[in-house]
Structures are given as structure tokens and as C-alpha cells.
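Order of writing sets the chain letters: A, B, C and D. Residues in each chain are counted from 1.
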């Protein structure tokens, strides 16, 4: 039983990370109706840019390598880079494609994925780098002692960070002017336009916020498994989460992430042996698909009625 | 040779005598979630007649049409089509039973030519399968040509020869409406549902469309259910008119009866003046 | 300018419905076929045949497959490579396990296996649309590759799932030289391209397009969206499957499941975006473009930078160019190269008038 | 002689038709664009259908010598009805399909029509409208049944039904129709064509089989037409030209006639068919040219440059190459290149690339227009003829094209000139008579059997006939030389800035002219020059405009001087009118022809001014405004002199 909980908790904690990436998708989808396949590439971009700055900043500024100052300086610069990326995306990709079918926008973000990957690797190189956030990936001792369950310190830290981020985003959208405008846009583009909300402005902000989320996700994932091209696959992890939770729902992204995280770990452990293992890659998808057949709009999605 | 031509050129004969009830709607109620779109509506449609549905915006006219050919499923009520009762239609079944329709917002296949759009109207009459299509030879080609001939008659009938091969997306609005009618006619329907066929047209286009609707009704004996806002047109061409308001039926009868119905005048005709 | 259409009137529907109604197009096509069937195998180098022309042809076939699903039936798929894998491994196993299995039948059976799998993964399309469906096809991509690796039976228990294609023999003739493999591939692709053209200009194709353009209206005129979509999945997967079998047999000779990864699926998607969504011709143009571009890039980079080229720059530049082109085409010419060709052709037909 | 194929000579149209059905049963006789494709009818099918229609008509009681009215667009079944009528020894009478019902009454009454075959509901409605006024009309047969469901009049019958009835009849009694065809004689009247009648009521011109067959045979031999020609039949069936080209010549040569889908699609259909033999009146060629120029305006600079370059090459040598005249190798190469890049594609897009022979007639064609088509390689020629001569008097032979002549007398035709210059013609193609008008017949054919065309003309040194005017308008200057006002005015009007011209000179010492400028063309010219003007009168009085017009007149004078017969007619003095000649003021006919005498009377003071050598002349005239009110306008018009040239003949003599 303890083992079960260990797997479950491990799954839930990694699920939080899925949620974080999925959150980036949801933000952009809600605001601009774009299914941003490039979210994974943005995570990679953010992490690599951050690590890249960490490497070059001491040389440029004379700051001590690995110091807190370098960390924050790099963080701010990376954040700036994400904002630039977001604004550019809005200008160069979204604006010309406004009013195009969703599927076209989706394909455009696949192109964007390649573009981002190519650019960031051309700038910083493509070798694997480590990233140390100062939190070690070791079991929390008192839980190990009291319940005989291994719970990684790092995972808890990451989950907490993600939780804080989600909460602050929720507050941001609930109580700031930009947030309210954003929700208005999500509800009805035309109406939002007609009451004078600058749509493109909002899009740029949302893409920047999504960039910020990508940066946080990139740091956590990068710290855990190294900053490498594989980070782009976080997008693929997040997709089933979205299907499960619905494209437009922030709570859906969170709950979906937890479910996917937990179930894929449990499936790997309990079902995997029967089929030769390695089912983590597709199990979330199959789970999400089965779920789709029952509830096409997702857990928290809105039911869509075809008006003719 | 000439006789063959003559036969293919004349579409099936039928007189324009108003006949039996072919579609009977009884106590139809339709809800979307908590919103009532239609409440306890009953009326019938007789063979060969032109039956109009009028009413202010949001009266439930389009919903009524959608119930008739199974796009919407009413929660209550019965639909009798040719005497067969069913609680609801499904669109495919409606099509096989000879019900065709056009839409308020043109629902053409934008990526296809006029000809292909109308050819899809023959879809149900096509019997060859995918493997025959793959060869496009023998039966498949024969069938394609046979149906092309029928489609050409419709094209000729609606006078759209010059746009035959144009992608529908490039056509002006009025012509798109005409192509949509052509697609519906290609199915040789017995019951034709037209949802605001003249909306957004200029006077000349309206006159043409009116003439086509009357010709269809006259030459092929097609029963027509029509939603239209232009009162002049409705009163001119309809045999009977049903009036809806807020999802309820408030009037039903010949154009003259409806015109003089105090309820209708109060709720609708009066309001527009 | 080259067209002389006066006097080319159609006196029957057969003539009117030809694939190439204009005589100059028919002549052009005949010349093109003669060039590729006769001149190319005589004069092209082995490198050109084996490393460029064969893969271009095979990818064209796969792109036609994806185009049928995405361009004609409107269902986005990100799992084309997986269906190619099914075709490759299917053909391999049919030839391996059934004695005297004729090669052509083998690849067709491979294609049919892919079609079956395609239908299975197409089932969700009945309930879900758009990128929900795209995600579902991703599931196919991951699941199929995983299954081919995990169940060694598929690869006849070779290590890590690698299979080596058997020698191709048709009626006792062994296809071993690049020339013969090229001709075989060309013949198969030509036939299937013709079949695809037939499908899309017939009722089947109109049903697909109707569902793509407006599914409610399609249903109302009696088209069953379910059948249309599933038939598109089946035909599309069949094409990908045959392409996969050729990929294994006439192109690489040795393949492993991991070779049919998501990147390959994306590549095929890019082919149809750049070549032209909803165009058979576009599938060929797109495939040629995507295969030739990196080669061209490589040549240019080497001749300009020489050995000074930093490692990895080539592949990153490739990513940037592909990504940029996709966005460029989607914005500027969503119908791709095929549309540009069409516009050029229209100009030529009206020459010297501008419109 | 007595068997069913007993006709020995192919001297009537029904016999020709049956012969084609035997000789080339599967060759296409007719095509019609309908239902998206060119529906094709072979000679055998046409013959069968014609027989059926004929038998059907006979069943209805159609007798030898009866007239059959035919009203509608160029539809195969209407052409077949013409042939069917001829099989029975009847006389087809085609009516202009766009005439209103009342206009048809006259012809229906005059020709005592009992049977009519009409195209569609529209024509049926016209027939029903005038039915009370034409009591003889018993049967109206309609081709297109659309919309005819509720017509219950006993006179009406569908052509389908008639056809079916006749088909059965023909099968049961195969000898009947052959017998009827055998009864026909070359000298029988084959068709009646009504002349438009600028003066008096229209007259029915009776033409025999022999006449039209002779005219058609002559034309076919002259241009070496074969049974492989394609012609587009789009001009009214009631017009003699259509009957010659689309019926008689097709019947003689066995070529294919092609009927367009509708009036709006003629240009598309022309492009699809790409006829090898083509006829169009000058205005069609003119509209086409205008369209070409307008469409080319939108082309990019580079393309325009290529276009204009090669058009210049074509103007320089295209017509010469077409005529087989010697042209330098360099020009030949340039033209070849131009043909490849511009001219060939241009002709193709216009649907003219297969044309072997094209004709125009009916009005004078501007030399620039004529030369344009010839220079791009379209073998456009002119012909001359009247309804009374089966539209067949003179033809321009290949390779001997003169811009202002109508060619040489056609085979079998004899042309001579009367003392007053009137053109007299004689030959097998002459009319038999005007229907029920022996007086008119006698008036138009002189004692020697020559038809008096009413046109004046002369032969040039190469034996080409030049038409100069209506004979009655031709006068003499005081020195005795010929004065042909229309001839001069037409030359003036080819100049793009001149819209109308009226010339005077009969019984005078020299020629003078009134000019109306073309407000659009001159207005454009003025705008380009940056000239300000307020309306027509102001523009017409500007001296720059006078200069412009003067240049044009002097060009015409130079041209006139080159011809010894015309050199005396050079315009010495002219003025530009202060108002446009207007039909509302009675100055023009409704068909926009100048009413010469009326104008002369009305503007007598101006004529006086011209001849009295004044520099200007005051004029006040009454005008009718569009709302019906009348008002007066006055102006002081400038009178200018134009340079005249010494006649060429005189130079040579000196």
C-alpha cells in the first residue's frame, strides 16, 4: 500500500508540472483561440536562454558565476526574451492569420515550434546542460521515516512553486484590469473589440504571460532532467492533460495534469509489466481519448451546440 | 436522338394540385438547456403546397425547420411524415425520405465548384462504391455522367450555366443562394425546406428567386416550406401561412386569413408598422 | 502563352470530365512521364536516383495520403509516419511469413494493414474535431511506434526492432539496381496518384470535401459524415502504408520503428502545407521541396562556409527555414505551391491579357 | 427516277440534306452548347429529325407553298424546321426574334402565315398576344416546353410532340416524304426574307433553291470551303447573311454549324469552338478590338511593352505576310516571334486562331480596324450583297485585299455600272420576286434582267468594286465631277475625333462640311492636353479643336486626291457645329442616320456662310430638352479652310 501511495504521490507531483505547461496552452487558447503547439518549444527556449545567460553573464558583467545575482539577472533577461518572443509571435504570426480557421493557426504554431527550436539552438548551441536550482532531488526524510514513502524534496518544491504560480495567475486575472479584459476577450472577441479592448494588445500580453509560465516550467523541468531538446516534448505531455481538462479551463488544466500524472505512473507500474513496459509515452493519450469518446468537451470544457 | 434529348430535358411531370397531408407536426416542443425555443406547436403541410412560416426574429422559425429535417431533436411531440410517426428525424433519414433544404446562412461547400456542389445533391442516388471510383471507369463513369446530366438540367432550370465551373466562394451572395437551391433540387426532393431564400437580395434577385420557387413547385410538384421575411412575397406565393411568435403558434391559415387575424396583427404585422 | 484552347470544345461529358481537359496539359503530362520513365533512368546518377528521386516519390505518395485525409476530408493528422510504419512492417511480415507472396501484393497488404489501423484510430473522429482529433492521431503515432518496438514478433525478433527488407522480385526479376528500384517506385506512385485523382474527382471525393467544408449541410443532403471520415482515414492510411512499405523496400532497405517518428509525421505535414493542401499535384511539389531543400542548403553552406561551418548549424538552419516557410506559406499562400502553379497556368491561358 | 433515291440533281436543299446524310452520315452537321457540352447532331440524325418534323407538319395540314414562320434564336431545331418546311415544298419565313409582337403582325399578315415554329414561351406569348389580329395563324409550335404547362390554347403544340407524331408517320409511310422531296424543283421558292425597309413597309424577298444554292456554291468554291469547316451561328436567322452562311453554304459544303448557348455566352462559345469560317458585322470586330485594348491597359508595363512592340511589327508587315507579299527576312522573323509570344495567343484567346476565312459586311469598316485583324493574321475580308442577291455580289479574293473595296464580282455574278454610277447585278442568285409586290419587283429589275442595287460605285484599275454611296444621294459638282456625300462622310467618321459629318456640294463649286466632334474622344484628348472646357459647345469652338479636326479633314483630302474620280470632292471649308445632331430634334433617324435634307434646311444660314466665304456665322436654333421643353441656343460659329491637294492623276499628267 505504501508503494502505491509513493507512486501516486510521485505521479501527482509530476502532474503538477504537466499542469504548468498545460496552463500555458489554456491561457493562449482562451485569449486568442490558438492551440499553441509551440508551448513546448517555448519551455525549451526559456530554459536554454536562462542557462545560456547564466553561462555568459559572469563573463560579461564580472559577477560571480553561480551567484544569486547572476541567477536573478539571467531570470530577468530570460523573462525579457520571453516577452519579446511573445510580442513577435503576435505580430508576425497571429496578426496576419487572424480569422483563419483554427486548424491553420494550429499548423502555424507547429511551424513556430520548428522556428523557435532552430533559433534558440543556433544561439546557444544544442548540447545538454545541467541546471541547479539549489534544491536536491532526495527523499524528504520525515515522510520516509514516518510513512515509509519516498517523496522527493524537489518535487514538492516544484509543486509548491507551480501552485503559487497558478494561484497568483488566478488572482491576476481576477483582480487586474488586464485580467478582466482578457476574460472579456475570451468570452467574445467581437464584443470585446466593440467595447474598445485592444485585442492585439491583449494577445501580446497573454503570449508574454505564457512565456513567463514557460520560463518557470522550463527551469523546473530543466533542473530535474537537464536543459536539452527533450524539453520540447513537455508539450506532448501536456496535450492529453488538455483533452482531459478541456482547452478553456484553468482548473481543468490543473486537475487534468494531476490525473494524467498519477495515472500514467500507476499504469506504468501496474500495467506496464504485462506489455513490456514503456507505456508512459502513449498511456495518457489513450486515457484521454477514451475519455473524449465519453465527454468530447473535456472535464471542465463548455458544451458546444452546433447552431445552423 | 432528339427524343432522348427531349426526354432528359423535361423533368418528371406532375400537376400542381394540393393533395394529402404529408408532414404533420404535433405538439412539438424544443428546449436548449433551459431555453424554450418551441412550445407545443402543431401544424401540417400538404402535398404540392407552398407553406410559409413567418414570425419576428427569434420566433423559432429556423428551429422549426431544423426539427423537420432532424437537425434538432424536439423533447416532446410527434412528427408524422407520410403517415409514419416518429418522435424525431435524423438528417440522413430525412434526406433519404426526400426532404431537402437550404440554410439561412448559406451552407455551400466553399472549396468546391458550383458543379460539384450540385453534384453532391445527387449523393444519395449514387450507387457505385469507393473501389469503382478509384478506377473511374465503367460503372462509376457511367453513373457520374448520368447524374451530371440531371445536374445540368437543374443548372439550366436555374439559369446558372455561366458559373458552372466557378468555385462557389467567388460568387456574389445572390448567386450562392441560387446554387444552394440547385443543390437541394438536384436531390429531386418531394419536400423542400427553404430558410429565408431571399434574405439580403436586391429586388431583381428576389423576383428571380420567387419565379424559381414557383416554377419548382409548379413543374415538379415539390412541396415547399418557406421561411421568409418579405411579407409581400409570402402573401403572394404561399398557399397557407403559419405564424410563430416567441416559439408559439399564433396564427395559421391562408394568406388572407392570416392577414386579418387580430392576434397576428397585434403580435407581428402591427409591430412592423 | 503556351495554351491554344480555341477549338478544344467538349462534345461529351467524358471529354469534359477528363483529368486534363486541355490538350496542352495532356501533352505536357505525357512528356513529363516520358522524361521520368525513360530519360531519367538513362541519365541520372545513382546518387540522384537512390538519395533524391526515390524518396521524393515515396514521400509524394505519403503526402497524397495525408492530403486525402487533411486536404480533402479536413481531418488533421499528426500520425502519418506511424501509418507508414504499419505499412512497412505489415509488408515485411506478409512477405516473411507467407511463402511466395508476390511483392506488389505484399505492399498492398501492408497498405491494407495500415488502412485497418487507420480506421481504428479514425474512430474518435466521429465524436471529436479539429485539434482534438490531431491530438488523437498523436496517440496513434506514439502507440504504434511503441507497439512495434515492444512486440518483437513484428520485427521477427531482431534486436531493437530493426528489419531488413527482403529482395524485391516480380515475376522472377530481381529489383536490385537503383534504376530498377526507381522505376518500380515510379510506376507504383504513378498508378496510385492516378487512383487518388480518380477518388477525389468522384462522389467519394465530393463526400470528403463536403464533410470538410460544412458537415451539417453534408449530413442534410444525405452524406454520412461517419462513413466519409472513416473512408478518408482508410484510404489515407492505405497510401501512407504503401509509402511506408516502399520506404523500407526501395529506399532504405533497413528500417526500425523509431525511424517513423513524430518528426517524420511533421515532415509529411509540411509537405502538404508547402505543396498545397487539397491538391494531388501539391503533394508532389511539397515532397520534392522538403526533400531537396536540406540538400540544397547543405550544398550552399558547404560551398560558402566550407569547413568553417559550426557543427549543428546546418540542422538548426534547416529547422528555422522549415518553420519560417510553414508560417510564410500559411500566411501568404495557404494553398501552397500548387496554387502558385495554378495561378501561373491561369495567366498563361489568358496571355497576353492580364485577367 | 422513281426509286426513293431518285433525285438526280442536287438542286434543292432537301436533296442536299439527304445526300449529306448518305455521304457523311456520321460527320457533325450541327452542334449546340447545351447542358454544359456541345451536343452534336450528325448529318444522319439531322436528316431523320428534319423528316420527322416535316411529316409532323404535313400531319397538321401543312401544304406545298404554305409559309412557315420561324421565330427564335439560332437553335438547331429551328434550322431543322426550315429544312423540314422546304422538304414539303413550303416557304420558311424567319422573323427577327427580338421584335415586339406588334412588329411581327405585319409580316405574319403579309406572308399569310398559318404555321409558326417558335423558340420558347416568350415567343409563344407574342403570338398569343397578336392572335386576334392574325386570323390565319392556326398552329404555333414551340421548341422549348419550359413554362408551357398551363397553356391550353388549341393552337399550341410542342415541337417534341410534333416530332414524335411525324417520326411515326415517316416510319409508316416512308414514301410520302421522299415523294414530297422529289416534287421539289430548283426554281421553287426556298425561303422568304424580309428586307428591313428603310423606306416603306418591309418586302418579302422570294429566293429560289437555285438562287441560294448558286450563291452558296460560288462562295464555297471561291474560298475553297470544305466539309471540315466550323462556323458559329449567332446572327439572327432572319438576316440573309445567316441564311447564306449557316444554312445554304453548310448544306452545300456539308460543314458544321455551331449554335451558342445564349446571347451572353457568344464570346465564350466562340473561344471554345474556334471557328474556321466566321462572319461578324463591323461593330462586333470593333467591340472586340476595344476590349482587347482595355484589357491590355491593365497589364503590367513589361507585358504592355511587348504587346505594343509586336503590334507595331504586325502593323508594319502582318497584312503583307498574310497576302503573301514579299517581306524582309528580318521582319518575317520578328513577326514569327510576335506570333509566338503575342499575336498567336491573342488570336487564341479571342477564339480566332483557327479562322481560315472571316467576312464582314453590312456597313463600312474602318481601315484601321480592318487592318488590325489582318495584321494579326486573321484573314478578314469584305463582301457586298443584298437580301435580293442572297448577300452575294462581290467578294475579296485571298491575297488581293484593298481596305476600301468590296472585292471582285463573285463567281456566276455579272456586275455593271449604270450611267449614274448605280451598281447593276445579274446572275443566278437574283430574287425571283417580292412577295405579292409585282410593282416593286418590276421597279427593281430592269428590262435587261439586272437588279438595281441602289448603290453607286465604280471599279478601280484592278477590277475591284468600290461602293461610294446610295445612288440617289450621289450628285454632281458644278465642274461635272461626282459628289458622293456618304463616301466622304464615312471617311471623315473613321477619324476617331469625328462623330458625325454632313457634307454639301451638289450643284456647288466645291465641297463643304459640318462636323460633330466626338465629345468623349475629343474630351479625353483635351484633358490630356490640359485644356479646360465647359460642355460640348465650348469644346467645339476652341481653336485647338479646329486644328485637330482640320488635320483629319486634310488627311481625308489627301486620300481623296489620290483617286481621280474623287479628287474634286476635297473639302475646302468646314465648321464644327455648336450642338450634337440629335434624333430628338429630327436631325437623325432613330437608327442614327443623318437626315441630310432636314439638316440642310435647318442650317441653311450656315451653308450660306460656308459658300459665301465668311470667317464666321451666327446661328440661332431651337432645341428640344429631355423633359420635352424647347429652348433656343445660339452661337457664332467659326468657319475654317482646309488645305486641298492636287489630284494625283494631274501630277502624273504634268
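Assume contacts are C-beta pairs under 8 Å (C-beta built on N, C-alpha and C of every residue); 3 or more make two chains touch, one makes a residue touch a chain.
All values reported here derive from a predicted model rather than from experimental measurement.
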I need the common contact partners of chain B and chain D, sorted by label.
C
Count the C-beta contact pairs for C-D and for B-C, then tell me which is higher.
B-C
Quick check: how many Å separate the C-alpha centres of chain C and chain D?
59
So what's the Cα centroid distance for chain A and chain D, whole Å?
80
Where chain B and chain C are represented by their mean Cα positions, the distance between them in whole Å:
41
Averaging over Cα atoms per chain, report the distance between chain A and chain B in Å.
50
Residues in chain B with touches to at least two other chains are numbered 71, 103, 107, 148-149
Can you list the residues of chain A that touch 2 or more other chains?
308
Residues of chain D engaged with two or more neighbouring chains:
36, 39
Please name which positions on chain D make contact with chain C in the complex.
28, 31, 36-40, 230, 271-274, 292, 295-296, 298-300, 303, 306-307, 341-342, 344-354
Within the complex, chain C is touched by chain B residues 69, 71, 91-92, 94-96, 100-101, 103, 107-112, 116, 119-121, 123-124, 126, 128, 130, 133-136, 140-141, 144-145, 148-149, 183-184, 187
Provide the residue numbers of chain B that touch chain D in the complex, in ascending order.
1-3, 5-6, 9-10, 115, 148-149, 152-153, 155-157, 161-162, 164, 215, 218-219
List of chain C residues in touch with chain B within their complex:
13-14, 17, 195, 198-199, 201-207, 209-210, 212-214, 216-224, 231, 235, 278
Considering only the defined contacts, which chain C positions touch chain D in the complex?
1, 3-13, 15-16, 350-355
